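Got a structure here, written out as structure tokens. Questions coming.
For clarity, chains are labelled A, B and C in written order, and residue numbers in each chain start from 1.
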């Protein structure tokens, strides 16, 4: 009967839908994700190679995912098992809480929320903070003997500042900074394209800029990052986020990641970023070299 | 030519990921089409039998279609429960988009059944459900399936956009390839998606022809 | 209580039917006796098809009642009612996706007859309506108009109903086929003696097939007459009909034997 055939068609479609969701996503494979900027996929590659060398597991890379939300969705759905995140980002973008507190505080809060709400956990921090960096020319810092942001307040009226659009707009950006440190510049800060800020600083067009602490150009152009002594900027510690289920299934991953704890300093991350962005070297090679230097691989 | 070679090498090296993303894609399309059929076909039957409702129902489905898909994904993000998991959200959105062709074709298919046939059937003493399942639906099934075919092909395309909100599927290759500025990665998503659409169109089309009443 | 043989099989009591703003039927009173062929004759809009559909409750009267075998058809199961009445319409309405055999055997099948019994019945019916035995395997689209309507009649007779409702069944056929089917209908009626209500606008057909002719106009019953009486009737509408149809009506009234 026709009706029967119709029901068969519907059931076939239903089966088609059900089958992929029944099969395990990726048995015996670990999928490492990353966001779509250099530092993120460098960290992803570090995680990947570390797991490949220290465990018998096959690693698949799913890099260049278009942002925090995408990565979160992917790891919740089990499409990726681990990816590098920043504690501050996790706190504000995923957990939707205000970013404040000391490094360890934020780390613990994120870890416990992730464990209770998402079945995810954090590995130990890689060892660096990728947060906003207030940069000045190295020569000026040495000459004026300035090390902290508090010390710049005295000189601010004589300086011109240059910031990216987002830094100007964000509530935890320029406005809060100026208030916290009592900074008053001669003119309104110039809003510039992020890529041009370092050059402008070098060329004396501006005297203070907002960048990232792990920016590859910092050592290259002899820029100095001022210490955030009043802890205005929230901590953005780089950490691996991993599914608890994956960790339970393959505890060797936990051991492999533990070896990375604290192994990357801000300067080292800057150098890695520069090698890829500035020197256009192959990321895989750069990572392999780095891991060898750290005696983590042969 | 060398691009083609390097493309195929890429597919071969990453075949497990291509397969995985294809299955993810099929899951999004499969569930949403199924739900759209479960909602749309009965709804189409109802409005075919009670023409009073046909304007509001068809108009609503039409309005949904005019919302740009990425915008619809965006609207649904803040919704509790739905917004928490991108694939739930994507499946809902894809279901909504699949509704119009399915409802409309069910309506047209049932209305297209020769009224003399329906009158004779009713006059002979067929119950309304016998009339529906033994006469109207079998005669309308080909038209209904053509609506399903359109829905499936649309869904396969829209599902590539769902990757933008984290639902996975072949669109993820496309977005990643764009960020990496790597054509092979883009095509690793685009070509399988196109092939899926062609296969679906051909496959359901074949079924349509098989089930056409003489 | 009247003896069964005398009571009408179908009776319309003061029936009216109104739809939208139109009074399609008013004050309709009519009795149909066992074994007769009652023809409802009238122009389009006279209410004849509506009256037919009131019998098997495809339509419900606005007021009044229709009794089938002495019981109001508003009570009881409408499905049972319809399955006990054969229904033949002008467009035939064969199910295009069923074979001829399946079309004819539909009501018996859903009534639970065994496959063998159905098959035997279909064979018998094909013979009765003058179709070749292998017609059963064919599909409606492969048949001519005349063959299709024969199948329609066979289908209506399948569960051996007492009553047949026929709505201009031969109207869409060419004159030669129509003549053939009319002749065969008469033979069938002689054999089966069903109670038939037959709707037509063709006086010739009415005179040939009907045992009585109920003339309708604008939703009202004008007069009920036997064919011979009709021809000689003084009623203005009846005579207008006779005039309009011109020659050869006498022979039609004599059942087509010229």
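In this text, a contact is a pair of C-beta atoms (placed from the backbone, for glycine too) under 8 Å apart; a residue touches a chain by one contact, two chains touch by 3 or more.
Values in this document were obtained by computation on a predicted structure and should not be read as measured data.
**Q** Does the chain-touch network form a line, ring, star, complete graph or other?
**A** Graph shape here is a line: each chain touches the next, no loop.
**Q** Which two chains have the most contacts between them?
**A** Per chain pair, the contact count peaks at A-B.
**Q** Counting only C-alpha atoms to place each centre, which chain is farthest from chain B?
**A** The most distant chain relative to chain B turns out to be C.
**Q** Could you say which chain's mean Cα position falls nearest to the mean Cα position of the entire protein shown?
**A** Of all chains shown, the one whose C-alpha centre lies nearest the global C-alpha mean is B.
**Q** So the centre of each chain is just the mean of its C-alpha atoms; given that, what is the distance between chain A and chain B in Å?
**A** 38
**Q** How big is the gap, in whole Å, between where the Cα atoms of chain A centre and where those of chain C centre?
**A** So the centre of chain A lies 85 Å away from the centre of chain C.
**Q** Roughly how many whole angstrom separate the Cα centroids of chain B and chain C?
**A** 48
**Q** Could you pull out the residues of chain C that touch at least 2 other chains?
**A** 97, in rising order.
**Q** Residues touching two or more other chains, restricted to chain A: which are they?
**A** In chain A, 2 touch at least two other chains.
**Q** Can you tell me which residues of chain B touch two or more of the remaining chains?
**A** Residues 138 of chain B each touch two or more of the other chains.
**Q** In their shared complex, at which residues does chain A touch chain B?
**A** Its residues touching chain B are 1-3, 5-6, 9-10, 13-14, 16-18, 20-21, 23, 25-26, 29, 36, 60, 62-66, 69-74, 76-77, 79.
**Q** Within the complex, which stretch of chain C touches chain B?
**A** 56, 58, 79-85, 87, 89-97, 106-107, 110, 139, 141, 152, 155-156, 165
**Q** Looking at the complex, which residues from chain B come into contact with chain A?
**A** It comes out as residues 16-17, 20, 23-24, 26-27, 29-31, 33-34, 37, 84-87, 133-134, 137-138, 141, 145, 163-168, 172, 175-176, 179-180, 207, 211.
**Q** Mind listing the chain B positions that touch chain C in their complex?
**A** For chain B paired with chain C, touching residues are 114, 116-127, 130, 135, 138-139, 213-214.
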